[in-house]
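Okay, so chain A shows up in both of these, paired with chain B first and chain C after.
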Partner chain A sequence: METVDIGLWGVPLAILGGAIRVSTPFIFVSLGECLTERSGRINLGLEGTLVFGAMSGYAVAYETNSAFFGVLAAAFAGLLFGLVHGWICKFKGVNDIAIGIAMMLLGMGLAFFFGKPYVQPVAPDLPAISFGWWSSIPQVQAALQVNVLFLLGGLLAVFMTWMFRATRVGLIVRVVGDSTDAARAMGLDPDLVRLLATGVGGALAGIGGAYLSLYYPGSWNEGISSGQGLMAIALVIFARWSPANCFWAALLFGGAGALGPALQSVGVTQGYYLFFAAPYVLTLALLILTSSTERSMQGAPLELSLTK
Partner chain B sequence: MSNLTRPNRRRFLGTASAALGAAATGSLWQPGAARAATPLTVGFIYVGPKDDFGYNQSHAEGAAAVKSMEGVTVLEEENVPESQDVQNTMLSMINFDGASLLFPTSFGYFNPHILELAPKNPEVRFEHCGGLWSEGNPTNAGSYFGYIGMGQYLNGIAAGHATKSKKIGFVAAKPIPQVLNNINSFLLGARAVDPGITCQVIFTGEWSLAVKEAEATNALADQGCDVITCHVDGPKVVCETAVSRGAFVCGYHADQSPLAGDKYLTGAEWNWAAVYTDMVRKTIAGEAIPNFVRGGLADGFIKMSPLGPANSDAARKQFEAVKAEIMAGGFAAIKGPLKDNKGNVIAADGQAFVETDVALESMGYLVEGVLGSTS
Partner chain C sequence: MSGAGAISVEALHMTMRFGDFTALDDVSIDIPAGSFHALLGENGAGKSTLVKCIMGFYRATSGELMVNSSQVKMTDPRVAQQLGLGMVYQHFTLVPSLTAAENLVISRADAPAVINWRAEHRRLTEFMAQMPFKVPLDQPVSRLAAGEKQKLEILKQLYLGNRFLILDEPTSVLTPAEADEVLGHVRGLTEAGQITVLMISHKFREVTAFADAVTILRRGRRVGGGKVGEISVEEMSETMMGKAPETSERRRAATRQHPVLALKALRAKDRSGLKSIEIENITLKSGEILGVAGISGNGQMELMEILTGQRHVSAGEITVKGDAFRATRAEARRHKIRYLPEEPLHNACAPRMSVAENLAFRIFDADKGGRPSFWQDRRAMAKNASDLIETFKVKTSSPAARIASLSGGNVQRAVLGRELTGDVDVLIVSNPCFGLDFAAVNSVRDRIMAARNKGTAVLLISEDLDEIMELADRIIVMSEGRVSFETPIAAANIVEIGQHMAGHG
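For the complex of A and B:
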């Protein structure tokens, strides 16, 4: 390995690399949650789905020796979790937030239980595409190793933006999310739409989990998520329920998370605990800067239990 | 949880019914016979999952060795945070499961948690890994540890021979004395090969944070570190990330050669099975365990992974020579003239802190040549 001394350039490079490496789970979970919330429900269980997706993806990839099957299995497991949440929430008097918390704990518990035998084995990794061919600097090449799932996440954000704006499916989800009565008057079944939206949202979160265990950091253990699923749910509100904004917010979070280690590596070593808080400080600062007394919940689906 | 902290009613009922039982059966039973036959219940508490390829796994392997002993029941609880939670776990092991020997294995369990519970439970023995038991601490508590810094010194020798960039990297969890000792030893080992080598350290702030460990390893590789080791609970992520960046790996806690393949130089491993079975045997036999137990390579507390294929002949030769010196006893990694990385003198010319020196266990500095800071 011939390395080039890149000195302080390491920091912006680490932020760029970190944004690409760390953001993918945030992208998938927040896009999944965005879809679910646009249909008028909150699924807090996605943290559990993420962890279970990481476990099932890793386990299946190890058993079948194919990372691709791992991702499929994680998506399927996430779909099941989403459908259970969506199905329970259709009953009268059920609170979606409470069910979400229950599903989160269930997902994590099941993942820990079934995941025990898979902490040690090494499963195959997902492939990455190298976008750093133009550079002769190995650090740049390493930072620009982009995983297929990251690109898919970007495409998905564009697709969902278009879907909500211009397609019939998008319209149906939005109507159900904004007014149950209007949806019924149109002859739609709000429960069915929400069930499907929660199921697909869960599947996306499962894929995010598979990225964690199959690519970066690339192994299964019980602390793999450390709350990333919950942060991604918060990102949706931060992104004002817009899929494109979810993508940018996820990038921002990933990049800010890389700041702490990168600063230490170039010699800014005092107060690293403070730099580790960068993503949260950044979120708070942005929320305060973009806040308004007049349009506090702009963009929020009207049927969401947050707004009711 | 408040019922856990008020165990007296339960204990009273237990004792009372035993007394009634003894009274009822009277002469048929010899008093004390039941007590002697009581099997020993031993509790192990881990801060993370017990199969993490690292610290907790090394202890769980020790617990497994105890499990196979005659007349011993082993309790284990994993993922117990270094907070009030560990007190609750210890109390429930004592009060509900009848444990009389506890091995809370994480550094942060000692102060204040063990120090708080030990005086209240005088019949229980608390054996803590890594803490510094000192005169005035409860006598039914004790601390044991191994001089694994020597293992990191040997890691450093292998690293010093393998590095081309003369920069080596260390992913560390928290700036506590044992971690600092490992970082310093790693660098000093490498400097025994080439005094121009520097060691970049990155603290992640927690014992187990997979994503941050991967980011830290990437940041080290970006800065040109070509040999990387770590002191986190589960070295799996650091190993795999370092190898994917083309860096050599020195292992820690357990043998990670299956993860790093040809890139694995060597590793500093724990060997708790010998320590735990000995302590349990002493407890059953009624012998006292010293409050302060330490041991190194020569005592079988730690061991080195077999040298990997990437080590040069010169590296092997120096490694074996220094290892023999350490085995003979009285080896000092920290010896004068030596300054810390802020310029303060740590050891004057001729002064040496041998591996067994207790002063090393309250180390708060990083030596000259380590790039990093403790806060």
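For the complex of A and C:
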């Protein structure tokens, strides 16, 4: 493929492509965390789950020679991490944030330990779908290479929005997240609901990890995550606990991250490293702009230890 | 859901212990189908504990429960619901961020896995059409007024098809007119044989007007009861308190009055953020009680929050003795301003800290001379706690118990005790007698009057007009976030005030 010079059009195109490529792990981790937090618990351990998911997904994909099994394995590993977190948190006097930090370090440590032998080998990639076939411009084709997991993430956001509104499970999660007392009075078991919500949230984070090692950047090494898991948790607050907003926030964050490389591609080299900070600056600025000292945080689950 | 028709409930020899503390001691109670039964007792008598045991919310230490004359094991609230027993708790159990419709549907045991909202809405509207009172279905519950929430709680029980309703102080957050409306409808349902009701109340007026029979608890024991009409109000109150009630004669002493607190041209947002609070001028003088009347939700809560510094003021000024006042702790201490906000457990306490610690909130960071101190004086805190518990008759298993474990009325007393110790120049109180038994009501009002007589300036925000008429020297009415009327007590006329409260003055 020969590059065609498309001038400044390259910038928005690179941002779009970057957004789609970079945002997927953010989408999965933030949707997982959204589910967990809606049930009234915070799982800060998702960074560790993400890294462990990346490792286990890569390892299983390599051993079975199937990226699909890799993703399944990552989800399963994430589920286990979530369940352990949820199970510990049900004990009296345990703080979910502290447990989350411990689980984060544990997940990363275990991943580095078991992942050593898989730094060299090459595992199969996850498939992508080309939505750019209509164009003859290679940059357009490259930007519109969309991974299946990204599409799944989008569908999941729609599904979760619907679930919280119109299914029993969704309403139960919201009830438990809003008022433990009301849940008990209804005969629900808040600990069980939170355990399951944390488990599923962990599984989603695991899938996000598999995307990292199996698609983009597409290999396993110890520096695979640069805090994506933690940032995704922050995005949930930014998205005000709405799954659809989580999706858009992840996309925005991914797009802002692609700003630096995109500008570089058209020859802007000054302040290159500053552009790396763009997503974080953008998130901070938007958080400040959309908050208020008057109202309490809108949409926050009331049982969350963050907002209590 | 159970079949149609009211059901009977009988509790036999119920005992409930929390650690060493016996909250309920061998209590039996019989409630025949279709009757309206009242449960009376002073704060901390064990009323809530008894009904929570009946509902399976607590596992009684011993005792038996009969529903429709057959014995049942009440192991968790779900069992109670299957049998058709439902309860409206003293604190709301609606989920605040869910809409009324969502709250109703999800509380059903057979809530469908996928909810077809269009069909559910149609069914809910049909259900509402048969009900004596209405509640907006599409609003999040957090936006409903207290009266609407209470109605929704009762509607929820009927919607669930429950035939035995327990109401724990259902009217403590309602105005007398609202209370009569709600209870009248509930009474109608019992007379029609559709439900049986067990109601906890502190208001004799409601008991004699609506109930068939009463049971009276005192310190966890059943000490009396009988048919309403055969037992007089005096007997009831005597049995409840264990002695004849003292009728206190509150005297209004002559005081020297000079302006202390002034609010000028205040502007702030209300709770919903949509409407505004606009107060042109309120002046509070020493040695007087200024009553702020109004129907709940007309800006009284916001006024309280402005004065405690919980709400941002966009324009105007507050002055205390001529100095600008921004409700900081230092300013409140310097000017000796004290507060008793509504729902003191949430607004004036750290619920998980001990009673003793909560009682020390005004003194823990100052030494005897009032200078800032670095070390806590544990001994002074313990003495402060035992003094206050003694003088204000706070019932607690120990000063080290979490304040959240106290009964509603006792939290109120503890906070009032804390706020009224030492010199107080300004006292700002909001609905000080919500949920208190009548003896406690009397003692709280006595203390407020005594503070006034000593020269304290008292701002009394209350939804209970009788309370204001009884205590205030001067009355202002709030309506739609504004002061709409002012009158000295001598010229006060209930009808006129009522009209201004309702917004057509």
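Here, the second predicted complex is superposed on the first by the 307 of 308 C-alpha atoms of A that agree within 3 Å, B and C clash if a C-alpha of one lies under 4 Å from a C-alpha of the other, contacts with A are read in each partner's own complex, and residues count from 1 in each chain.
To be clear about the criterion, a residue touches a chain if its C-beta (ideal position, glycine included) is under 8 Å from a C-beta of that chain, and two chains touch if they have at least 3 such contacts.
On a predicted model such as this, the values are computed, not experimentally measured, just so you know.
Partners chain B and chain C, once the complexes are superposed on chain A, both fit on it without clashing.
In the overlay built on the shared chain, the residue A:V169 is in contact with chain C alone; chain B does not reach it.
Touch criterion not met for A:G107: it reaches neither chain B nor chain C. Contacts of A:G255 after superposition on the shared chain: neither chain B nor chain C is touched.
With both structures placed on the common chain, the touch criterion links A:A185 to chain C but leaves chain B unconnected. After overlaying the two complexes on the shared chain, residue contacts for A:G153 are found with neither chain B nor chain C. In the superposition on chain A, A:Q139 makes contact with chain B only, not with chain C. Between chain B and chain C, more residues of chain A are touched by B. After the two structures are overlaid on chain A, the closest C-alpha atoms of chain B and chain C sit 31 Å apart.
The contact sets of chain A with chain B and with chain C never meet.
Listing the residues of chain C that touch chain A in their complex gives 57, 76-78, 81, 87, 89, 91, 93-98, 102, 105-107, 109, 111-117, 269, 273, 312. Residues of chain A that touch chain B in their complex: 1, 3-6, 10, 13-14, 17-18, 21-22, 116, 119-120, 122, 138-139, 142-143, 212, 216-219, 221-224, 226, 228, 257-258, 260-262, 264-267, 269-273, 276. Against chain C, in their complex, chain A makes its touches with residues 165-169, 171-172, 174-175, 178-179, 181-182, 184-187, 293-295, 299, 301-302. Of all residues in chain B, only 48-49, 51-53, 79, 164-165, 200-205, 208-216, 218-224, 226, 234, 236-237, 240-241, 245-247, 258-259, 371-373, 375 touch chain A in the complex they form.
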